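Next, two complexes with chain A in common: one pairs it with chain B, the other with chain C.
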Partner chain A sequence: MKFPIYLCVLELFASILLAQEKQIDFNSEKNIKKFADYLFCDKDYLRAAEEYQKLNGYEGNDTIIFKTGLSYLFIGDYSTSIDNFSNISSLSPFYENSKLERMKAQFLMNDYFGMRSFYNNNFPEDDSLSDRANRLFTFSYLITEDRLPQKEKFLLPFNSIEKEKISSFYDWKNDPPYKSSALAGILSAIVPGSGKIYTGDISDGIFSFLVTGVFTFLAYDNFRAGHDTRAWIFTGLAAFFYGGNVYGSIAAAQIYNAKITFEFNKGLNVFLESNNYFVPVYEFCN
Partner chain B sequence: MNFVTKIQHITFILVIPFFLLWAQDSFKEQFQLAKNFYAKENYFDAITELKRLLFFDNEEKYLFEANDLVGQCYKQGGKFSDAIRYFTLAEINAKYPERIYKEKIEIVRVNILRRTTQSAFRILNSLETDNRFKDKIDDINYWRGWAYIFSDDWENAAATFAKIDSAYQLQKLTEKVNNELYSVGFAKAISYIIPGAGQIYTGEYLSGFISLGWNVLWGYYTVKAFAADRIFDGVMIANFLFLRFYRGNLQNAENFAEEKNLEISNEALRYLQNEYDGLKP
Partner chain C sequence: MIKIVLIIISLFTITAIAQTDWVKWGKAEISYEKKDLIRHKDYSYHDISISGLAVKTLANAYWFFVSDLDGDNCPFSPTCSSFLLQSVKETNIVQGTLMFFDRFTRDYNFIERYNRYPRVEDGHYYDPISLYTLNVKKINYIPPSTVVKQ
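Moving on, here comes the complex of A and B:
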């Protein structure tokens, strides 16, 4: 009987097939990309970006660069995100979107002047996304302290649904409902507690009025009755509460203004997030 | 062909597949790579490699082990919600009660660490009533004791550790802490009777005597005003001065007792973190 070579070859073939089931090249281009896409859709953006950057020819693949830029944008690494968007060629179908995303990144890193300058130099009117870019550009004026354009002009880039909300933001920005801390202080100096009532702290105002009034009266009454020691104690207390009432009214006005500004900024952020910063939503994960 | 040659051929045919199959299990290698990262405390890369393994593991052979290790990595990185997510995935994919128990306890430990102890108690109670884990009662009580520690309930922690023979050290420590803690209610109650007494009880002697002084002073002026028939003065001094300091004395007593208790608890937790050798959450 001869050595059954055919059997050996057959077995070798079967074993290789079986072994391949257990073998996978995790670091092949195809698998890295598949895994990176999975991470991107699983919103694990930092890992997704790192995987995309492992790909050979990464720099020549505009989809990958764009998704890397988006990944960095989502994790808040705006400058790396901008670097990626800037690398997208003007011939790429992602070019327009990358410019818009770059503007969003600049907006998010509070580089409003850089963003405006980029908009002015890179978005001609015939650009397909110039209307979206214009909205983000215009919206930035609600955040900075720059002079606002005329209302009609300001509202022009926005659609009818957005206009109502933007109009209220514009009015607020143009004439914020702040309370004057100087006026609050002066009012409380004349009538204790009135400055607090002016800033909306009515119960605090009434309390300040009562406490200062009562101690002043006690001081007066004790001086009148010849109880000098007690009278001086009450005078000190009245002066302390009077000073506190003036200082408290100034502070109350400042707190009121800070609260108003906070609410306004929160409103802007909610509006921007609900409108995705005027940037389109991509269908990479569907 | 002689007998020896035949044996050689048969051996050759049998050995080939072993070499091929054994040498080329890249999933096993991938898991080992992730474990190496974990051992080097490189949790970020460990998670990446484990996620990669899970993504390509179509046979779902590593669903339990990889999810468990991802959970451990997230736990080590302080990302407790993610850790619980992956421990839960590991639990879902656990095939034996022993593994289900392990993952549930991991979830309990993370809940203890992030102080969501109500969830930890709920899971421990369900484990206790599960017939599969009847022999784990000491272990369940051990983690319940820890959950009580992190709920700042040292009394129940001591009572729970007392049920376990091997937890003598923890029982002693929790008992000691429980005995050292100040009673917030008592501090307040004695301050109602003698202003400043609550502060003195918590060891804040200066604050206690100052509080007593203010209360005596304004109490004296209040009584004096009423005694001299200066009713308005009396009401005003009582309301704006005496009662202000009296209320302040009560709040102070409560705050001091709570602050001291926090210091005692933190000191005990520091000891457990740095000196205790047993299993910790």
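Moving on, here comes the complex of A and C:
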């Protein structure tokens, strides 16, 4: 009965001793690369990038440089990502892709002007990835305040499914449905609260009208009754509420415009995500 | 006897699968103290301009005689009185006063506030002065469904 137990304990000790005896060099270049590749495929890009960085001695290995760049791109360290993509030689099979990934990194770090100038200098029309790069290039005009190209030319790089949505983005950008803050102020100056109703804040507009109206009535009523002190207090309050209502209507128009811009930008982001503009197509993990 | 064997096996197993990167993944410092969500008032006259002096005195008097006794009833963050102080400090006495009266009017409006303002962690509606200074660059629109961390 005791024999199997002794055997079991002995086996456990032996396995630990054996494990310690067999030295594995975890820091060898081969093992670091293996581990980094594992982390990369496991989408642990932060640690994968750290491991790939240890392989800086691997000069000329463009796969490692490219995957390092991708790892930094995925974790949002765009400038380091661009540095890595820039190090890829023009003779490398990854060269074309590295240019596109560099453009994506510049796009994501909001460096649209840099991205456009890079596109103009590095993507001739016969480039295999020119179409995809051109879509990013063109799309950036929807984000910046630059003058838009002609609509036909603008829609050219996009496919038929994308064109409909891009066309509506183009129209919005060309003529955004903003509300005029001057008009909102003028409307509220004429009829208190109407400027806020114009900007879509209907309940705020009604309350502005009521508050200003009530204090104006109290002032008028007290003047009529001969209570001059109270009447002047109410006049002052009515004047302040009236001024606040005009001021608030101008501010409400500005906030409305900010909301419209926010929703437009949100729509752009949803479009980019749903059309997989930034999803890589490389098969490193199969 | 089998229990001893099982214990030994489990102990060895733990040693065998133990990670060695504990230094890198050390435990985080967590505080279990309950967050203080009470809005404290600052009665001090520190960093107040001459035009803001009268407004600060007015706000202090309101806090001391009314607000502290009545309780924390303003649905907005910052409160209307803090809004007045901040807006006068950020702009000037005239613009700040107009901003305050506009805010005061919106304070009356109880209709669908949840649809129009984001909230801060303590549940109050977030309505910062940066939206109302008429400086477009300062407007940072936050959708109503958002919870703002202050």
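Assorted remarks:
Please note the rule applied: the second predicted complex is superposed on the first by the 258 of 286 C-alpha atoms of A that agree within 3 Å, B and C clash if a C-alpha of one lies under 4 Å from a C-alpha of the other, contacts with A are read in each partner's own complex, and residues count from 1 in each chain.
Just so we're on the same page, a residue touches a chain if its C-beta (ideal position, glycine included) is under 8 Å from a C-beta of that chain, and two chains touch if they have at least 3 such contacts.
From a predicted model like this one, the values you see are computed outputs, not experimental measurements.
Touch criterion not met for A:Leu129: it reaches neither chain B nor chain C. In the superposed model, A:Lys259 lies in contact with chain C only, and not with chain B.
By the touch criterion defined above, A:Ala251 lies against chain C but remains apart from chain B after alignment on the C-alpha atoms of chain A.
Applying the stated contact rule after C-alpha superposition, one finds that A:Asp204 touches chain C and leaves chain B untouched. In the superposition on chain A, A:Asp221 contacts chain B only, with no contact to chain C.
By the touch criterion defined above, A:Asp25 lies against chain B but remains apart from chain C after alignment on the C-alpha atoms of chain A.
Using the contact criterion defined above for the overlaid structures, shared-chain residue A:Phe240 touches chain C, although it does not reach chain B.
By the touch criterion defined above, A:Phe35 reaches chain B but does not reach chain C. Applying the stated contact rule after C-alpha superposition, one finds that A:Ile75 touches neither chain B nor chain C.
Residues 1-2, 8, 12, 15-16, 19, 211 of chain A touch chain B in one complex and chain C in the other. Across the complex, chain B is touched by residues 1-4, 7-8, 11-12, 14-16, 18-26, 31, 34-35, 38-39, 44, 47, 50-51, 211, 214-215, 218, 221-222, 230 of chain A. Of all the residues in chain C, the ones that touch chain A in their complex are 1, 4-5, 8-9, 12, 15-16, 95, 97-106, 108-109, 111-112, 116, 131-132, 134, 136, 139-141, 143.
Remark: chain B residues 1, 5-6, 9, 12-13, 16-17, 20-21, 23-28, 30, 47-48, 51-53, 55-56, 59, 221, 232-233, 236-237, 240 touch chain A in the complex. Of all the residues in chain A, the ones that touch chain C in their complex are 1-2, 5, 8-9, 12, 15-16, 19, 201, 203-204, 207-208, 210-211, 240-241, 243-245, 247-248, 250-251, 254-255, 257-259, 261-262.
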